[in-house]
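Here come two complexes built around chain A, the first alongside chain B, the second alongside chain C.
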Partner chain A sequence: MKRRKIKKAFIYILLTLAASVMVFPILFTLSNSLMSGAEIADRYAKTVTPGNWYDPSFSGIHFARIGLIPDFATVRQYVNMLFLRPDILRYFWNSVMITVPVVLGQCIISAPAAYAFEQAHWKYKEALFFVYAVIMLMPLQVVMVPNYIMANWLNILDSYLAIILPGIFSPFGVFLIRQQLRSFPKEYYDAARMDGAEHGSYFLVVVIPAIKPTLAALSILTFVEYWNMVDQAVVFIRTEWKEPMSVFLSTLMNQETSMLFVASVLYMLPALFLFLLGEKSMAHGIQLSGLKA
Partner chain B sequence: MVNKIKAKKKPHNKDHRLVWFLLPSLSGLLLFYLIPFVMSLGYTMVDNTTSQNFAGFQNFMDTFHNPLFLRALGNTLLFIALCVPLNMIVSFLLAAGLKKKIRGRGIFSLIFLLPLVIPSGSVIYLWDCLFRLEGVMNRFLLDNGKTLVNWSESSAVMFIVVLLFVWKNAGYNMLLFWAGLGMIPEEYLDCAKVEGAGAWQTFRHVTFIYLSPTTFLVLLMSIINTFKSFREIYLLFGANPNKHIYMLQHYMNNLYQSLNLPRLTTASYILTFVITIMIFALFMAQKKLSDHFS
Partner chain C sequence: MEESKRNRKVLKWFIGFLIFMIGITYISHTINVWNMPRVSLGFPEKDTFSRAYEMWGEVILTEEYPGYEAAAVFLMPSETLPKATGRVALAGDQIYVHIKHIYGAAFLGEVMSLEITEEGMWMTAAFNLIPMNPEFNPDLDSIKGGETILGLYNRDYAYDAVVPASAVYKEGTNYYVMVVTAEEGPWGRVYVASKRGLTILDEMNGMMAIGVTIEEPIIFYTDSMVNHGDYVRFYP
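Our next item is the complex of A and B:
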């Protein structure tokens, strides 16, 4: 008995250690957002300045002094961002403008397609589904080449459509929902048919409510994917003020560190909020996409 | 469409309505993914987007002799070889740990998923502070009497990036392993315990075998996900990072900036080919392994 308890305690300690490593960068960003501009300059300036000379340094190099607890907590930076640099909010809005259409579009387009895959009797159905799966597994850089060529042809480069449209038609949604539908009983359809319902009404009235958790999982996974997106933004968007926040944070990091932390926190919030709401759905979705085809 | 014509011969089977269900997704897929992909084959055969002289396989030859491409290829393979095993081991341990009935399991799994959900840009500054020339690691070295290391320029930068990847993606694979572990029949584990098998023996003879499909899946998803590491590397080091972490994604990304379509499409075809082969190989290997065990 005692041995098992020690084993459990050991596992607990290891897990806590792992958890703190995982969560440390997030806590770091959160707590640093409560630091004043002066403190941030003091901690993270790269050279010795009159402001930070008292900190140990080495021949002109000022070492970063990271910390989880601010010397002096203040919401000054938040105020600064809202009033002095409201243009940062523009980038936030850019991200929203890209992510929300993709999430909505994915759900609307993928669900009927997955239903069709499950219900249809067609010789080449599985071959086509295999094509969907392969496209889904390709790295972004590879998938972006066809997207780029088509965007070039349609003349929508440097606009959000170049990112939104391929995103809406991404095969991931179809794959995920179809995996869920595989275990959906076919008898319901026969029963509905006997009552006179056809594919359309059956789909809307029976299937959609039944796969709501999967739709939630798809929404969260797609949201996280496009909220964090960097690759497509770098390639398709060339104008600086159109950049989504994910890329702009990098500019802030190099130029205006004091704004970086607050902007990061603001940018984290929707992702965090949705995640806390739907963590179970998201975990379910990840595991579902892993069920072998 | 073949589907529609076939269905008309069976009027009692209203399958032809299903076409409308599939049509939006399929047409979008064709328009943005498949058709341009086939079209891009044409670009691989010309030497220049403007003059469009036929060049045959010259682009492929040039790419394979391009030192940048070869370096990117080597780094990518090294990155995968380092990341994937480490990630799989860490995520397996996490999943196995969470399988024991300890309190706070839900909170732990939530925390392990957090790095995946939080935008990269929000948290990479910490890594920058740790590893830059004026960073925490260098101060630690200095305090212990060693010389400073220019982390982002040395070959150690690969390890930083590997660590970043494992930090971000361990939770994802942990979920897959967790699901896989849950599918092992309880009876076998109980039987092993009754027969007096130790932890390692149980693992070798029961867990590992039933976990092999999941392991293959985790392997595949890990390799695919390594390509996403471009995000963090780009945000931290820019478009032209140190030669030790210059990877295929950077090679292709820079081709986008210079609008070199022939080179770009060549590289994408090569990558597509390699990855499709790899997916096939993994599926075949997994099938063979499961046949061998059952």
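Our next item is the complex of A and C:
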């Protein structure tokens, strides 16, 4: 009995440690966003300055003073960002302008495509689906080269379409939804046919409500993927102010560290909201599609 | 039931957040526009500077002056040198040479060469003296030295590009103007100020002749300091 308790306590300690490791970046970002610009500059400066001379340093090289508690908590950086830096807000909206069309587009395209895969009967259907799966498994960097060539050919480089179009037609959504539709009873369709329903109405009235959790899961997964995307934006977007927030944060890291943490908090919020909104649906949707998260 | 209630609450917050972001973006953009330096623009114009120089100093004519040639050395007070250019006269300028000792006779001359020494005060000018008075005979009197007045003709200097002096900035020994170009910025069209180096050809009455062709509009006046790369807005 005692041994069991010790084992349980040990597991709890391990889990707490693991959870702390997960939560630390969020806490770190939140707490650092409440520091003044000068404090952040002093804490993370690479050289010794009048403001950080008391920190550990070696041969003039300053060691970053990582901490969770600000010397003086202030919301000045939030005020600066929200009221005086419309350029930073623009990067936020850039991310929105890329992510929202991709999420909506994928839901609109993937559901009928998956339905067609499931319902249509033709010789090479499974072969084509296999190709879909193969493309899905390919590393992003491999797919990006043909995507770049296509974007150049369509003259949409340096526009969001270069990211949105491949995103909308990503095979992942089709794959995910079809996995669920595979376990969908055929009798539903037969019953609907007997009631005079065609494919269109059956799809809209029966299939769509049934795959809602999967669509929610797809939305969240796609949102997170494109909200955090870096590679595509670096390759396809050339104008600096068109970059999404995910890329701009690295620029801030190098050029304006004082704004990095508040911008990161702003960057976290939509994903957090979406996760809270679809947390259960996502788990349910993934479960229905037979995939493991 | 509980979950859908919670979801509705989160959705409301999410929508609220998005509305807040739209509003704050609009406000932030407006504040940013307000904070931009206000400028008035203009293009360089063709203009003519008209001026007469009077030079005072000692003139020593050469010993021999067949064909009434002469050389003159004279002292210029540095204040009379135009500040922007350091130029007093150009080779080719026509001048009167008054030599008091010769019955107040005046000579029409032409500046053959002009040089400012390192001290910036001494100038050397060579003249082909053409007597205004045909009866003048240099042998009648000594014209070697003596007090003299050199008077330049009024001369019109035509320039292709003249801007107000307030448009020209100095950085060390270099001069520049700020030009404005339109670009596509994060929130639509923006007007960006950028430096354009130039040389000053002449200056007069608060106007400067610049030695460079500029096709973009130049900032003539501004209500605050404009730096390279700043976004600007215009006076209504």
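We take it that the second predicted complex is superposed on the first by the 279 of 293 C-alpha atoms of A that agree within 3 Å, B and C clash if a C-alpha of one lies under 4 Å from a C-alpha of the other, contacts with A are read in each partner's own complex, and residues count from 1 in each chain.
In the analysis below, a contact is a pair of C-beta atoms (placed from the backbone, for glycine too) under 8 Å apart; a residue touches a chain by one contact, two chains touch by 3 or more.
Everything quoted here is computed from the prediction, not taken from an experiment.
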Quick one: on chain A, after the overlay, do chain B and chain C clash, or do they fit? Just give me the call. fit
Contacts of A:Y132 with chain B and chain C, given as first, second, both or neither: first
Does chain B (first) or chain C (second) touch A:F92, or do both, or does neither? second
Does chain B (first) or chain C (second) touch A:V100, or do both, or does neither? neither
Between chain B (first) and chain C (second), which, if any, makes contact with A:A38: first, second, both or neither? neither
Quick one: is A:L157 in contact with chain B, with chain C, with both, or with neither? Answer first, second, both or neither. neither
Output check: A:S250 vs chain B and chain C. Expected answer is one of first, second, both, neither. What do you get? first
Once the structures are superposed on A, label A:A210 by its partner contacts, choosing first (chain B), second (chain C), both or neither. neither
Contacts for A:L82 in the overlay, against chain B (first) and chain C (second): which applies, first, second, both or neither? second
After superposition on the shared chain, which partner residues are touched by A:W241: those of chain B (first), chain C (second), both, or neither? second
Give the label of whichever partner, chain B or chain C, reaches more residues of chain A. B
Hey, in the superposed model, what angle do you get at chain A between chain B and chain C, Cα centres, nearest 10 degrees? 110
So after superposition, what is the minimum Cα distance from chain B to chain C, given in Å? 15
On chain A, positions contacted by chain B and by chain C: 276
Which chain A residues qualify as touching chain B in the complex? 8, 11-12, 14-15, 18-19, 21-26, 28-29, 44, 46, 56, 58, 61-64, 66, 109-110, 112-113, 115-117, 119-122, 124, 128, 131-132, 134-135, 137-150, 153, 165-166, 168-169, 171, 174, 198-200, 203, 224, 227-231, 234-235, 245-250, 253, 257, 260-261, 264-265, 267-268, 271-272, 275-276, 279, 282-283, 286-287, 290, 292
Within the complex, chain C is touched by chain A residues 82-87, 89-90, 92-93, 239, 241, 269-270, 273-274, 276-277, 280
Partner chain A, residues of chain B touching it in the complex: 2-3, 6, 13-15, 17-22, 24-26, 28-29, 31-37, 39-40, 43, 90, 93-94, 97-98, 100, 102, 108-130, 132-136, 138-139, 142, 148, 167, 170-172, 175-176, 178-179, 213-214, 217, 220-221, 224, 227-228, 230-231, 234-236, 239, 248-249, 252-253, 256-257, 261, 264-265, 268, 271-272, 275-276, 279
In the complex, go through chain C and note every residue touching chain A. 3, 7, 10-11, 13-14, 17, 21, 24-25, 27-29, 31-32, 35, 184-187
